[in-house]
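Chain IDs A, B, C and D follow the sequence of writing; residue 1 opens each chain.
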Amino acid sequence: MGRSIVATTFEDDRQRARQRLPRQLFEFIDGGSFGEETLAANRNDFARVHLRQRVLMDVGNAVLDTEIFGERFALPLGLSPVGLAGLMRRRGEAQAVRAATAAGVPFVLSTVSLCGIEEVAAAAARPFWFQLYFLRDRDYVAKMIGRAQQAGCTALVMTVDVPVNSPRHRDAQTGMGGVPSALARAKVVADFSRRWPWLRDVAVGGRPHIFGNLAAAIPDARGLADFRSFTRANWDNAIGWKDVAWVRDQWDGPLVIKGILDPQDAAAAVAAGANGIVVSNHGGRQLDGVASSISMLPAIANAVGGRAEIFLDGGVRNAIDVLRARALGAKACFVGRPWVLALAADGEAGVARMIERFRIEMISALGLMGLNDVADVGAEALAHVPP
Amino acid sequence: MGRSIVATTFEDDRQRARQRLPRQLFEFIDGGSFGEETLAANRNDFARVHLRQRVLMDVGNAVLDTEIFGERFALPLGLSPVGLAGLMRRRGEAQAVRAATAAGVPFVLSTVSLCGIEEVAAAAARPFWFQLYFLRDRDYVAKMIGRAQQAGCTALVMTVDVPVNSPRHRDAQTGMGGVPSALARAKVVADFSRRWPWLRDVAVGGRPHIFGNLAAAIPDARGLADFRSFTRANWDNAIGWKDVAWVRDQWDGPLVIKGILDPQDAAAAVAAGANGIVVSNHGGRQLDGVASSISMLPAIANAVGGRAEIFLDGGVRNAIDVLRARALGAKACFVGRPWVLALAADGEAGVARMIERFRIEMISALGLMGLNDVADVGAEALAHVPP
Amino acid sequence: MGRSIVATTFEDDRQRARQRLPRQLFEFIDGGSFGEETLAANRNDFARVHLRQRVLMDVGNAVLDTEIFGERFALPLGLSPVGLAGLMRRRGEAQAVRAATAAGVPFVLSTVSLCGIEEVAAAAARPFWFQLYFLRDRDYVAKMIGRAQQAGCTALVMTVDVPVNSPRHRDAQTGMGGVPSALARAKVVADFSRRWPWLRDVAVGGRPHIFGNLAAAIPDARGLADFRSFTRANWDNAIGWKDVAWVRDQWDGPLVIKGILDPQDAAAAVAAGANGIVVSNHGGRQLDGVASSISMLPAIANAVGGRAEIFLDGGVRNAIDVLRARALGAKACFVGRPWVLALAADGEAGVARMIERFRIEMISALGLMGLNDVADVGAEALAHVPP
Amino acid sequence: MGRSIVATTFEDDRQRARQRLPRQLFEFIDGGSFGEETLAANRNDFARVHLRQRVLMDVGNAVLDTEIFGERFALPLGLSPVGLAGLMRRRGEAQAVRAATAAGVPFVLSTVSLCGIEEVAAAAARPFWFQLYFLRDRDYVAKMIGRAQQAGCTALVMTVDVPVNSPRHRDAQTGMGGVPSALARAKVVADFSRRWPWLRDVAVGGRPHIFGNLAAAIPDARGLADFRSFTRANWDNAIGWKDVAWVRDQWDGPLVIKGILDPQDAAAAVAAGANGIVVSNHGGRQLDGVASSISMLPAIANAVGGRAEIFLDGGVRNAIDVLRARALGAKACFVGRPWVLALAADGEAGVARMIERFRIEMISALGLMGLNDVADVGAEALAHVPP
């Protein structure tokens, strides 16, 4: 009993977002790549990890504070970088960063956000992190890193699991992914035109529709399509460990490599000077048929051996999942779809409510595990259940 | 062939309850916490335990009598404590205790029942058990224990898996859990107003709507809401093994610790002087992501090593489940939702019929296992099936 | 390519039977006991057994003949005893025995059939088997055995997994199992009255509605209800291995014990002089929560060690299943629901077609396994597939 | 990001084909044999094979070229032989071979195609392969081999998993398999008559409806039915390893044995002089209850030990599946239903688009696996995931 809890679930936010967003945008968020097998595994494999219920441990003063790179956060949860989030709500990234920084959790701004670094910095109540995609033009990359430094970003997250594009069949069907047929385009227009609240909020009121971080690179861009062509043309497929070294030189704060799913790569990331890694398969949006993040975590934690911070994303849907990942070796979890769907559903308030749900759930779960401090969640928090 | 069997299933009662109860109450009973994974596992994991069919053993005189703490019961089945049961039918706990004691099975009265200990005692045909929740006010707790002793309760069941509240998302949605929005409240009112039989039986005819065992603590309460605020405010999160020792001192009858899911806690409970434990995860209503009760039973039985009685609840739906648990080391099983849904469906008669179903099923199953006495159900009653 | 195959599946017959039969009768056939877990497992567990595809073995002359107890049958398939089959079609057992004996497969007549031994013998083209249930009145049992001997039955099948009744919740709901309420009875009457073809064929044209084998025991019976009361009253729960010895003395042909699911019981049956056993859990209609027949077969075959014939029933739905069971140690399989549903659907022709389907399927499967003789299907016909 | 991908999935093509084809033809393609268990396993078992995501490997120049029997193909994917494909679209095999050869992938022409070898050769942009079924008349077989040689076929694929027919219950129901009842025939006619685009394209415009490769054997044939009777009558069930030797003598190009699912048979094929084998269970259309192709691949690769090329078909639905098979030892994969459903959906353009989808998917997947050349996909491309 004790305090009453009002909360909603991931699925509630998802349904609300589905109603509000044009279908093209909803499917873009919701979908995965190829046959979407890894997308499903990311979610399902959490069920195999069993926490221990411990009793009579004198709980009730849950401490969730987590120190990451010398900074204290309110709970071991962060917001993964999500491109185009600004299309889901008016100036979406600014709304989300407000919610995240107010709640004291790390927000990672995507390279391909609508709001640029400076706009997000202006909205943020405390520093955020910047996520870097690699373009062929190293000068421009260096400039972005400089802007992040300038804006006071406290960590640089270098995403490495998108050297090449992946087929997202839902996007092909909705016309999101490429050049739709005339008929498909007509359908899309019809669908968009039915979404009044979104049209008013974003299409009309949410301008400019540019990639804020890339605006300087294409000053003559006339719409989102130009930005997408630009990134396509300037994407660097040949990204390698040498580029990590280069970034390491440009940036003297904490460097996180995002998109590690293999123990060998995890060890290489540490060797290359990464201060942290995100165990991730890009939420089942890049290579399909790979194992879920949670199932690879133990072997990766073993390979890292404490030499860098380990984060995890992919399929995290509530505080139980976060605690599972902690018990298997992660310092914190990040969520992608949960925050962007909450944003689509209810804007800044939605994101705030989602974070608050994780917080309240974690206080509860921690107490029921017989613990008072999330820092104490380790291997001994797992039950060994005969199959 | 032999005697014909008229019976209904758990699912029948569930559907009948769903029709009769306001949705808020039905979901409160039916739901679990967080993502409801443990709720599902409690049920599904029974299917992995295979009984042995034995033949030509000269059966037909099934003995189901089970001695627990020196008292003989008609079968190794009892009714778990369920809070607010009195809201499901007029003076619900009194109806249920009548059915249970008439049938000769243990009934455990919840601290947060509508009928108080004395009202239940008056309805009971023989002694029942009392379940204790801990409040900060130890004097009041001591007084409740005294009332239980006074009422002739033959065992005290101390529930330890609720040091803190857990998020029940269904309750949040139905407005059961907290402060609903105005709209949600309107919906709830509309829903209640359609449930005529329940309104007449409980809302109008089932007064007073108080927590009978806590009435003395808040003499000026004006409704259930006041009781819920009171328990919230006075809940003791810091409950520890020292409190078990304190209770052990207050109560000189059999003491049962309910809510043990870990071998280490089971051993500690024995060390603290418990005479029995209930292997339980509160029916999937507290910590989610923990293993099912049945899957943890063997390791716990091993840790207890015969030094205390072992009971189990969570997902028990028919006599086959009870026999499975017996074969894995439990003395008896308890059921929560099965009795309260049967109560909601048909009152005292429903509870009686549910117990009778378990009894008839157990007679049948026992004979088909080649046994005449439920006391003989042990490890050798299990089949070892290659995976 | 080669010969074209016209066939229908088990599911087709099931749907046709569902349309034609009064619901009470359909559910009686289709259902299982308790939670129907074993009913499902009987079917699902076959999928775990993998045959080997072998090629270029010069096949095409499939020999399916199988010798059982010195008699040659057309294929290793038989019809399990099914009580009340005579209610599904006019003089149902007579129709079925005609189809079975014409096709050259063993037919086992249930004790509780509508057609008596003599009526079935008159319809049969060759000998059939008789299935014995035990009544307290040993003289009457001896007389039935004598009648079977008289009628030329070539094997006696003693069913041992029904010492006590089991709860069949579907029957309780449809009013089949016992004393339905007035309302339930009205519903049943309404349902029956809609089934014109069945009413004409069976209710009106299929008289007398008696248990043909028990008629002599209750000469003054006035309907099926009297027979059911009689069997209930005279059922022998205390059946034991001594009774097998007694039957062994009465009957000097091959004796088969039906309803063995445990290696220990299988060994005991051999020791008691059984010439064969049927690995069976009564089609998931008696003890629930036990393993499927097919999963217990290897351990039982091992315990029998070639000292008796091994048959299997439960979940066998096509020739692939028969070959799986052969590869795991069974001499032949029997089917219950497949034949009685085919009978309900299309009478004698339906049963003939079902057997023919198994025959054609088996010719095909045998060839694709690289074999010419079903007698060669053994352990080496199984693939070992990594999990 | 990078290049945008427009693609459709297997399921899209399947739905389009379902709409366009007469039901009889769609079910013929879509269905399997017996209980269709292997059909399902072929698909599901791919999910157990996990690729490794590798990062920062300097990718982006994907080489998919694959040399098979001295010929270079554009990617390690081919089109399995599919009988009657010419019924799905006007001169279907000619359309498909055009798409395949233009895209640079092997096309295998079935013996029982509508277009004969010569017609297909005329349409092809480069050599194709010919699949041989065995007829009793060896002279005719020798003549077909001669025609294939004449037409410049670069490999001969001898299918060995159809010594006898298998029961396809869907075909029996749709009237495809044999002699339908008058009623069934009426239904079929009604269904056909609703499929205008197909009627115009194939029934009217796609003549002659003959088995092009068998026309010379039955010059007086008056329709497809005559061809089917002919193959039925002349099928050779007694095909054995001696026949492989005979074919080996007739044909001096690469010889592939298709329909190997057992390590022992694989070794025998190598011993008999095969240059390649197709691990296959005929797409779940012949022996049911056998393991999926992908699950048998490792043991077969082991038995072959590099002495012959290994191909696989059955359930391959996207490039991820191809890469999984490569990692487990296959040189290339073939697809049956994917191309014939794409053909039915959109003719030559559909087949081209399907191949293009695999190509684009493979470029993407290869990059995300950290590789630049499909030839480097081997055992180390697989992740070892704890269960």
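To be clear about the criterion, a contact is a pair of C-beta atoms (placed from the backbone, for glycine too) under 8 Å apart; a residue touches a chain by one contact, two chains touch by 3 or more.
Computed from a prediction, not measured in an experiment: that's the story for all the values here.
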item	value
Path length in steps (a step moves to a chain that is touched) from chain A to chain D	1
Cα superposition of chain C on its sequence copy chain D - rotation in ° rounded to nearest 5	90
Proportion of interface numbers common to chain A and chain B (over half same, under half different)	different
Whole-Å gap between the CA centroids of chain B and chain C	42
Mean-CA-position distance for chain D and chain B (Å)	59
Arrangement of touching chains [line / ring / star / complete / other]	ring
All chain pairs that touch each other	A-B, A-D, B-C, C-D
Residue numbers on chain B that touch chain C, as the complex places them	1-9, 12, 46-47, 49-61, 317-321, 323-324, 357, 360-361, 363-365, 367-369, 383, 385-386
Parts of chain B lying in touch with chain A, wherever the complex brings them together	33-35, 37, 112, 133, 160-169, 172-173, 177-179, 228, 231-232, 235, 237-241, 243-244, 257, 259-262, 264-265, 268, 281, 286-291, 295-296, 298-299
